[in-house]
Amino acid sequence: MKKWSVTSPGAQHLKLETAPIPTPGDYEVLVRVDAVSLNYRDLGVVDGEDGAAMPFPCTPGSDFAGSVVAVGQRVTRFAEGANVIGTFWAGWLDGDWPPTARVLGGSLPGVLAQYVVLHEDWLVQAPRTLDASTASTLPCAGLTAWFALVEKGGVHAGQTVLVQGTGGVALFAVQLARAHGARVIVTSGSEEKRRKVTELGASYVIDRQAHSQWDVLAREYTAGRGVDHVLELAGGENLATSLRALHQGGRISLIGVLGEHTMTFPSVPSFLTRPVIQGIGVGHRRALEDLVRAVDAIELKPVVDERYAFEQLPQAFEHLKRGAFGKIVVQAN
Amino acid sequence: MKKWSVTSPGAQHLKLETAPIPTPGDYEVLVRVDAVSLNYRDLGVVDGEDGAAMPFPCTPGSDFAGSVVAVGQRVTRFAEGANVIGTFWAGWLDGDWPPTARVLGGSLPGVLAQYVVLHEDWLVQAPRTLDASTASTLPCAGLTAWFALVEKGGVHAGQTVLVQGTGGVALFAVQLARAHGARVIVTSGSEEKRRKVTELGASYVIDRQAHSQWDVLAREYTAGRGVDHVLELAGGENLATSLRALHQGGRISLIGVLGEHTMTFPSVPSFLTRPVIQGIGVGHRRALEDLVRAVDAIELKPVVDERYAFEQLPQAFEHLKRGAFGKIVVQAN
Amino acid sequence: MKKWSVTSPGAQHLKLETAPIPTPGDYEVLVRVDAVSLNYRDLGVVDGEDGAAMPFPCTPGSDFAGSVVAVGQRVTRFAEGANVIGTFWAGWLDGDWPPTARVLGGSLPGVLAQYVVLHEDWLVQAPRTLDASTASTLPCAGLTAWFALVEKGGVHAGQTVLVQGTGGVALFAVQLARAHGARVIVTSGSEEKRRKVTELGASYVIDRQAHSQWDVLAREYTAGRGVDHVLELAGGENLATSLRALHQGGRISLIGVLGEHTMTFPSVPSFLTRPVIQGIGVGHRRALEDLVRAVDAIELKPVVDERYAFEQLPQAFEHLKRGAFGKIVVQAN
Amino acid sequence: MKKWSVTSPGAQHLKLETAPIPTPGDYEVLVRVDAVSLNYRDLGVVDGEDGAAMPFPCTPGSDFAGSVVAVGQRVTRFAEGANVIGTFWAGWLDGDWPPTARVLGGSLPGVLAQYVVLHEDWLVQAPRTLDASTASTLPCAGLTAWFALVEKGGVHAGQTVLVQGTGGVALFAVQLARAHGARVIVTSGSEEKRRKVTELGASYVIDRQAHSQWDVLAREYTAGRGVDHVLELAGGENLATSLRALHQGGRISLIGVLGEHTMTFPSVPSFLTRPVIQGIGVGHRRALEDLVRAVDAIELKPVVDERYAFEQLPQAFEHLKRGAFGKIVVQAN
């Protein structure tokens, strides 16, 4: 089989290697990887920036869809032929995040390979209604949006959700909020992306270049009430604007790989608005199973910007770096 | 103005009277009543069965939509001309139910009159997208379904809701569950009602006459998983069947005016299934405001079976007694 | 080593056998069992009444404390010498109960042996402040009370908890409620037990033989307000009395091995009181770790009625059958 | 009667005036004020810094205990002779904060008078176990600590709470956390205050002058686990330290009148720790009633540093400015 390996820091050191197909242990499953969805953090792993990553050489990649080819003796969760997706966090099954949890393509070997062996606990049944390319986008981007809005946020009809930008998490948030009867405001600096996200279901878009005080527009749109949920994807001073846009007791989800390294906000509004500001770091397996069930029920179609052949991983990373509208997927088989 | 009064127990003692239009006190509002939606409990009040009711003669009716005609000196929540609906519970604003809360057309005078004076706290803004007839159905039937599924139940996409029968609360539950991406199973003994509720959005209907063990069908429909929410509207032995249909940790909402006087269920499944069984007694004003916002956002159209002129109240009650598909509304002005 | 085995249904078929000390697999731990705490369900297993039990011959027993003697190659949670207690549910780590979870001395071999091999996931660190006998009472009785009152119930200072009887769960409930600043009412038919439970911290005791309408006394004690939590340990018609004793929106925890096979309650109070009635089936590992931390912080001392030597298991079961005040513990080493 | 009035900004403009005893309207109550507890925000009102305050001249003061002397015609909550305390927020009864809520001695006239007339909704029954001086400290300082730790935080036995400083809210937090079986870490720059707070129940004190990296000590004290709750009373860069001290998924309560005008924290830990950061702005009436019940149950004695006669208000404000250990109370009758 083929697999990608990065021998030392930097995308120029990515190598497509040949390796034997691995054999599953007692509780393990051999999966044929069909599609791998890329995340910004994969770039950090390739560049050696992620402190928790494997030592070089290593295989990057965390999110995939595939099908079970062989199972270990004591495996009970899956049979041969099952279509599966991975859990971003290996070992976070439900409830509180346990310190023993690890990340595929982080402190564990990644999935940019044609076959991988994984503990059966690190997989869930894939949705019936998606092909491998679209299903591969759920484990990190899809679950992050779901965890913020549904698992922790309890979004419901009649609420307003504000999403910053049009990255992978943001687009899932638009689709999920709409599927729960909520309205969605999206801020974006690009006219084309504002148009596309409107087609996807955004109720109202704000040009954040033209309106640095976008909270004023968000308040107007909600008749002065403020928004119920913010997905804070920008960080820095932006958090103060998010707070001003928020309804009393509203919720701000702080989501990983924020643009800025620190966040700042004024003290007084922070208690007068009584916000709940919660850090979201993807989510657990039980919530991913809930999301899969939801995807089938509402026939949600994740936005994939472009699919690349397995050999084209470097081009796929290039695309990711220059920005996309939707996920970038590499097809492995 | 005209108003209905019942002079002694029994619908035959309903009288249409003439009375002066009342004047609002400091914190009160004069409302022109446009539509009154009937509930089964109104029949109990007319028949003198409701222990908490006013002494005879009294005016029945709790759920209405109308518009503000005059306001008392210290009123701040509404101005003249505002379209409003009443809160079923006068004095339950948010959080826990306070023992001081009372019911219009129960321990307080009812609303089957062309004008009523009410404390400003007992009203909320009507939805923009509904006329008075449909808006009048929200305070009791609409809010009960919302409170069970959304406020307390946190229903979300991918879940399955099971609703018993096709009464007013049940039909709202179908619409609200669908608006949150959930699937709905409805049990009903009538083929025509099963057809109609399917048109309204039910995902699966069960003939409960033919299938007393309807839990088996509900489990099959959910691939063995069981349903996430049950609106228990039948009571008696039926609760045991609801428990068998339930997913681990699922939720059963016990809703008022159940057909049977006692409920019975086996002990062992009651803890092995780890259900949450919660009594729902309509809901508070803040949740009604949330529902109004949702109705506008998702353009929910409540099902009204028939509208009657104000003089036709006796016929409207007759219709209610023989059964309806949707709410019965009396137009007051 | 010695271990107990039951060869066919009935306590007369309990046999003390000799067996080789087992060897741990990759993820497994060898534990020297120091104390086993008995539960009523162990009697059911011995009598062959538990549908989920192992085929005969089998070893009963689920709750133990011991210390780690050897660890498998891939074990990370424990080192040799660690003092541990077992989790009643093998495989329920946090959040929702998974259908793959099993019970020691149920569908899995039991722990009435001097050494057992267990997956590392099925153990937690024992409290620092307890010896093995008292620590062995936490996995089922202690955790059930904690799960009902703290994990699910969020008990707090100023609330009133009502506990039925003086069984193992009830006594833990008294101690835990008191440790959170709550008052506790205990109903019991025995004057001696009422005296003992008062010494343990009960704020008020009711002779339930003399007062079948004990809800009236409970309401008086709470100045008419009603109690905030009931641990329903009796079942049957008693549930209706519990409902009448309950404060608006209060919580009733239905707890396993109820005396009666069905529960009955009247419909109308079930929604007018807006209770939350929740089935409790022990609890998960994360909550057991929370309980262990609490036991050390508040220096809770579980009530052990009597300790038996390993060979005296039949006498210990006899004691359990005729009733005890506190747990019956068998010392294994 | 006498009452304090401030005629223009600045404590030098405080005047003790004579005024007629007011008369209650329909829903109002005349209360003889026995004790008024001072808060820092009262200084802001006197100095004209609070944007929401009444125009000058005005009477400051928000927190009091007293007894009902006369009731309006339609009052149902209290009878003559009832001992009462005020709610800090007039009009926040339960659930979400409503925008119509106002503050006594803020946008409403204050209570530094020998008699006040208030809406019956703005009062709750005083605790049985406290005199007026100590009871007067509950409405703001007591309720803020309760709302953060109990109502929103669900503190329980075995958890660790970290409190910054030894102000009024901090001391209540120490007492309340202890009453729920939690341990408490207090940071303080004063050796004397560290000694006093240890006597009050603090489990561990940190000299924050000597240890700017107090998170390291807090982690050590919790065996590396981190603390479960932080009451953030300092603000600014301190929030980043609080985040580092926090256990996964722990809770930081942002509490009013923070020392610094902005808060700053690094992005990455903000989602890796998955904290819940929640703004607390005192709390609602239902929670104050819960607190009163708790105070009686656990016999909590609020810390009063010094009592002043009514005429000594200027000296009392001076004491408040130079710092106290416990609340400063003015006795009005």
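Note that the chains are named A, B, C and D in the order they appear, and that numbering of residues resets to 1 at the start of each chain.
By definition in this document, contacts are C-beta pairs under 8 Å (C-beta built on N, C-alpha and C of every residue); 3 or more make two chains touch, one makes a residue touch a chain.
Chains and their UniProt names: A, B, C, D = Alcohol dehydrogenase.
Because the structure is predicted, anything quoted here is derived from the model rather than measured.
Peer 1: If I rank C-D and A-D by number of C-beta contact pairs, which comes first?
Peer 2: If we tally the C-beta pairs in contact for C-D and A-D, the bigger total goes to A-D.
Peer 1: Please identify which of A-D, B-D or A-C repeats the interface of B-C; the criterion is that more than half of the contact pairs agree.
Peer 2: Of the listed options, the interface copy of B-C is A-D.
Peer 1: In whole angstrom, what separates the CA-based centres of chain A and chain D?
Peer 2: 42
Peer 1: Find every residue in chain A that makes contact with two or more other chains and list them.
Peer 2: As it turns out, chain A has residues touching two or more other chains at 96.
Peer 1: Mind pulling up the chain C residues that touch chain A in the complex?
Peer 2: Counting only chain C, the residues touching chain A are 26-27, 76-77, 93-96, 98, 100, 284, 286.
Peer 1: Would you pull the chain D residues touching chain A in the complex into a rising list?
Peer 2: 96-97, 99, 235, 248-249, 254-256, 258, 260-268, 270-281
Peer 1: Which of the residues in chain B end up touching chain A in this complex?
Peer 2: 150, 154-159, 176, 179-183, 290-298
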